[in-house]
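Think of it as A, B, C, D and E in the order they're written, each chain with its own count starting at 1.
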Amino acid sequence: MSVYAMVKEKSLTEAVKTALTRLLSQDLVDAVLVAAKSPYSALPMPTLVAEASAMDGIDPLAPAAPFNAARQAATVSRQATGKRLALVLRPCEIRALIELVKLNQCTLENVVIIGIECLGRMENEVFLNHAAVHADMAAEFQKNTSLQDDITRTCKMCEQFTPTHADIVMSTLGAPENAVLFASGTETGEALLKELGLPTAENPAGSETVTRQLLEKRAACKKEVFAETSEKINSIEKFEQMIATCLNCYNCRQACPVCYCRECVFLTDVFAARPEALLRRAQKRGAVKLPTDTTMFHLTRLSHIAHSCVGCGQCSSVCPSNIPVADIFTTVAAQVQARYDYVPGRDVGEPIPYLMFEEKQKSGESK
Amino acid sequence: MTTQNKPRIGVYICHCGMNIAPRVDVEEVARFIQELDHVAVARDYKFMCSNPGQDMIIHDIKELGLNRVVVASCSPRMHEKTFRNAVKTAGLNPYYFQMANIREQVSWVTKDSREATEKAKSLVAAAVGRVFFHQPLDTREVTVAKSVLVIGGGIAGMQAALTSANAGYQVYLVEREPSIGGHMAKFDKTFPTLDCAACIMTPKMVDVLQHPGITLFTWSEVEKVEGFIGNFEVTVKKKPRYVDETKCTGCGTCMQKCPTKKVISEFNEGLSYRTAIYTPFPQAVPNVPVIDADHCRVLGQNKKCGVCAKFCETKAIDFEQKPEFVTLKAGAIITATGFQAFNPTSLEQYGYGRFPEVYTSLEFERLNNATGPTSGKVVMKNGKVPERVAIIHCVGSRDTRHRKYCSRVCCMYSMKFAHLLREKTGAEVWEFYIDIRSPGKLYEEFYNRVQEEGVRFIRGRVAEITDIIDDPGDQGRLTVIAESTLTRRTVRLPVDMVVLSVGLEPAKGSEDIGRLLGLSRDGDGWFNELHAKLAPVATPINGIFLAGCCQGPKDIPDTVAQSMGAAGEAIALLARGKVTTQAEISRIDPDLCSGCKSCIESCTYSAIRFDEARKVAVVNEALCMGCGSCAAACPSSAAGVKHFTDKQVMAEIEALLM
Amino acid sequence: MSHNESNPFAAITQLERINQCIQCGTCSGSCPLADLMDHAPRELFALLREGAYEEVLHSNTPWFCVSCYACMVRCPREIPVTDLMYAFKEVIARQGTAPKNHKMPDMYQAFSRSIKDTGKVTESLVMGRYGMKHPLDALKSIPLAVKMQMRGRLELKAQKVADPKSIARLFALTEIPQDKP
Amino acid sequence: MKICFYPGCSFATSAGYRESTEAVCRKLDIELNEIPDWNCCGATVMFGDNKLRATALAARHFALVQPMGFAELVTGCNACYATLRKAARLLAADEELFRKTQAVLHNLGLDLDRIPKIRHLLEVLVEAMPDSTSDKYKTLAVGAYYGCQLTRPDQELDKGNYPQILEHFLSRIGFAVQEHSASTRCCGASHAVIYQNECQGLSQRIIGEIKGKGAQVITTVCPLCQFNLDLAQNQKNGPGLPVTYFTQLAGLALGLAPAELGLNKLLVSADKVLTRP
Amino acid sequence: MVKSMSDFQPKIIALVCNWCTYTAADLAGTSRLGYPANIRMVRMMCTGMIDPKYILKAFLDGADGVFIGGCHPGDCHYINGNLKFRKRMPGMETIIKQFGFDENRLRLRWIGASEGPEFQHHITDFIQTIQEMGPSPAQGLMVL
């Protein structure tokens, strides 16, 4: 059974701050990775806080995430340092982190995951526009449902807003105003919560209904996006139209939390086009669009990470050409993941499908 | 080596006499290729593989400054080596060469001359596109350890050990049972000469024990095998014998005194008992008993006993013995793990296990053996001599429900049984067979001899063995039911005893050995040889050879011959002293490697290790076989197989689709 | 024997399985009525492989098959011997070459006729119909009928399905035209 | 428990199979739901006549079961069991046959979408019968007789030559089991009815073996087996060996009266051996 | 054998294992077992080394079909490379299918070294399948 605690302060962010500060001041962890505003921008960026006194700017509940912090989380937990870390992450970030653990990019040894029950994030510009009006975006977002409709397209179809694998789950759904509910997800989390000495609480009665309603809304949206996208890319020609303005900037792959390669193969010598090769290609088809290999890039990236795609939507957010990359990736990823009965981030022990093979043919696989 | 700034490619189109030329317009191909980027020269010639053909390449490399060569002719499996040598002779790295197969893949299989020519152009252009990206590769030489590991101490392993040791090499022979000897030690006579098995076997066992070049590990198992051809590192687990081999004199007092006397004897196929401290048979080598921990009162039941220790004059009993691990270095490994007999219980219509007088062939071997449970008297469980015996062939063999193959030895040993039965008991012997298979030296003669001795041969696979009787006079007998296919009659034959000539199947544990060594097994579980005809004792793993039944059912002459063959291969390898590693192996670019270990997980040969300091994967070049699983698993193409790089393969694909 | 006849059994599913037969005789040895058969299964397969179709068409072997499946579970080539016997009967019946003196075809006919008419089988009536062609057998079965009657086991009224016409329609829908008159 | 039951044509006139089945099921609270308007499965005859017809006749029941909401169909006759299973097997393996059969049944106003699992009444009682607590029949040596088509050709329920399911059942419900070697030997089936003389040896061998090994009573799982073995003895002299149904023995084990179980219908009377103090 | 279906001459890339399918192709050649000339073979050391990129590259460069020939399960020269590739197939099929390439344009077959006739059969059959399917949807595109 989970242990519950509730912190109520004068604002949501204060409530979170109280809990996280105690983690540091009681020496339960050595540092906390959490989204925080900097003096330079209202957009919260992943920040490693080592001193209780430096908690001021944290803002993990603000509906913005210029970054999927799994990459940053993996950077700070690349190897065991003997120090204990708390990572405050959104569900999609946790799922990506689990994938990165499987890929040996980081370790969960001595790491405490504090998962946020996530109502979504806004595109950076949208957030900044709202933030110009509302000082406390975290609070405003909780109560103002019209703001909740301004989350990204991908967030709107996200059904996995409840964190998995979190030692402690931090949520506001169904909680009283200005209160944050903490629930233990693991034994580690339970021990921590007890040590923190936060006021204990019951699971709020209404939370299940709220969750279910939200889930239904998201599922419907997802179904719609998948159907629409699938139709939009069901021929290579339509797909060409969709990515016609791709610059080969690789922002999508840079933003992708599970695209873990130190250097993308498309940046290596393998795809360095020689002039005579470009000319030959142009001669063959009459003309060749530059930069080349954009289609190849997206399809290859799909073949590399479709099984691990956690649907965070960052690829769409960062595309300068406004290509709905995330629509494409989530649509294909869902099919690939179903084919392998694989769910990214489900279980650290679940192997990446391509690295496992069966002696016997399973039904559903190709002849 | 010349600097390779600008690729200058020479392309040679072979006519292959009349094999390529008329179907493929070779001149047109040459004209077409000549126009491609970086092609310095394109020629066609009658026979490129001939000396003048090769000289033409060498001459052009030197005179025209070629630094890449393409030959379009037959399959690279035919002449790639030839042309690489020619390129090398001219001073170029041999890997600056690519072959286009326009004979097997074009002229021989394409009817239309036009289509053939177009396809040839495409294949040659692809070779040109690919060779552009070729890189110089090197091979390495590694020294070979002068020792051989033999796994299995049956007749195959013993013979392989003796032959190898006689050549002057150190041999480690590992046997999991307490004694060497294997199945052959259980036999009384051997077909077709009826040699006494013990008479020819025992001296060999002693030879193995006393050979200065052979280190014998009995009651031991191979635990781990690492390394590669010439440099295998083997860990052998010596199971605790609870008897100190250095102190034991083999006097046998402990066995006489042991109070636990009712342990089923494995060696006698369950037909008699042994003690808890035992040697499997009197001539065991080494003649040192082991204590069966499961049945020993001290070890298994925690009781006070220790009678054996009390009576042992040399104080050789040691209840505290623990498993011991020995590490060995071997240049070659010979696998001789043998077979086990098919268990006929599942063929329920034959009533094995149901009717006491139904025996398997191995049981009969023991029944008939002078050292067996009845001291060699062939009698029924009631002590009486059988008057009529049926021998059933193909039990478990040639049967898609069980073992689909012919076990090769059953016809002959069945006839040996028939002969022995006639000789010892005078019983009427009926052989029920599907086909008599006697294809060996003096085998057919043996068949004829047994026929002359009055053995009755009925052509028909037995449908059923039952104790249902039609005539009260047959009370207590079994009835064998079969169609006599030559007379088309249903035979219902009352008999006193039935011998099931069971087939051979891979020995229990061979799967584990296969996994340790990386050997693949066929659908029936036998180890795969490298080539059925031309490399019957080699395996896909360099430096590991097969001897005896582990590769498939065999009789003793074939087993011994094959063991000598395997030993010969091992000796040849050791005598050569050096092995050359292949060039087409994997490399991992440390600058691109993200350290995800996907390659390590996908490597079948454990040839990739992880450098914890740099957090990158590193290929062990000696172990890598070049399969490329790592390359396919690596998303950043940090891992790639030399000579099969992304650039090379994709250039080939691109050119093929031009 | 001509070697150019076309195989009247060619359409049988799994007929090709008899090519795997190694003529070991397990089937015939397992067959309870092999002694009554003119060829027994193994030999029948051999005949078929030789192209002796006339022999097979007139063979009594399939008609003596009791469907005990003993051959089938023992055949070392896993040939569906019993299933093939059924298929042979089907072909033979359609070709009209069943052995004239064999009683089973008449029995089968009586049986099948009973199903066609009533949807069910009533033993006494099947025996009655069969007995019209084999009066001697019918005569012999009278004492048995009496005995059954005494134990309340003789049912002379036909068991019927609710709508026998529907079964007749099933028969009509599955009718295959006769190959030969 | 509720089961969907297919009696088959011989059920009603058999030597007490119907009576004993109904009595036992009543006692065990098993509801026998007879397939309404069942027809003859075609037995060993129809597949030798016309494969599609034979399949359709059997599959008609699969269609009839569908609206009843059962996933399993239970029968007490070996021939029905084997025939229905054969049809089920063919339908599962041969798509074209399935489509054709579907069409035929559709024409009769029936829908065939799925094939029920075919089970034998023996399986049901093996699951439902309680362990014996009485010693009443501990000394009654029963010879189990399966006949052919329960375990062959599928060998799914048990082994094809020497199955044990019936023996285990009998000893569990309180009978002494006499092992013998004729339990799956063919009795001649329908051939024994027509070719009486020729097939006589088959039954004789079975009875001789069971009697010779010391059994006092035979128990069967199939009406035709029962009939042939029961009848075969009347033609030869010597004391007969009663041939019962397993349901009759199950009924006795449950304390039901012999008359309730139709035991009076046997040709070779079982009264003597079954009389227990 | 192949029906004359317009003038469409499919271009098919075959990525084949050196130890089995490539050898079977040689055997087909030696045995003069003819097949249409539409197939272009690329020799790999093992199907296990086939990178998804190669398949995508072939399709995007205008291949009408991609044939993969590997060793029968259990016969892989490298023990299990073929099984590793087999595991990738569903993913590749899903991806190409979503983008409008009929998944049957990608075919994996096991062809042993001694199976010359099987090689001929599988290749002929695949060419015919592609022939009936018509040109690849990538065929008409100018860019890519």
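Simple rule for what comes next: contacts are C-beta pairs under 8 Å (C-beta built on N, C-alpha and C of every residue); 3 or more make two chains touch, one makes a residue touch a chain.
Computed from a prediction, not measured in an experiment: that's the story for all the values here.
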item	value
Least step count from chain B to chain E, where 1 means the two chains touch	1
Common touching chains of chain E and chain A	B
Topological distance between chain D and chain E, in contact steps	2
Pair joined by the larger number of C-beta contacts - C-D, B-C	C-D
Chain of greatest Cα-centre distance to chain C	A
Most distant chain from chain E, judged by the mean position of its C-alpha atoms	D
Chain centre separation in whole Å, for chain E relative to chain C (CA means)	49
Computed distance of Cα centres, chain B from chain A, in Å	52
Chain centre separation in whole Å, for chain D relative to chain A (CA means)	63
Numbers and ranges of chain A residues touching at least 2 other chains	265, 284, 304, 354
Touching two or more other chains - residues of chain C	70, 74
Touching two or more other chains - residue numbers and ranges from chain E	52-53, 57, 62, 74, 80, 84, 88
Pairwise chain contacts, counting only pairs that touch as defined	A-B, A-E, B-C, B-D, B-E, C-D
Chain E to chain B touching residues, read off their complex	11, 13, 18, 22-23, 25-26, 28-30, 32-37, 40-46, 48-54, 57-58, 61-63, 74-81, 84-85, 88, 120
Residue numbers on chain C that touch chain B, as the complex places them	22-31, 34-35, 39-40, 42-43, 70, 74, 76-78
Complex contacts: residues of chain D adjacent to chain B	159-162, 181-182, 185, 205, 208-209, 212
Footprint of chain A on chain B - complex, ascending	37, 591-598, 601-602, 615, 633, 635-638, 645-647, 650, 654, 658
Residues on chain B engaged by chain D in the complex (per definition of touch)	348-349, 351, 354, 464, 466-470
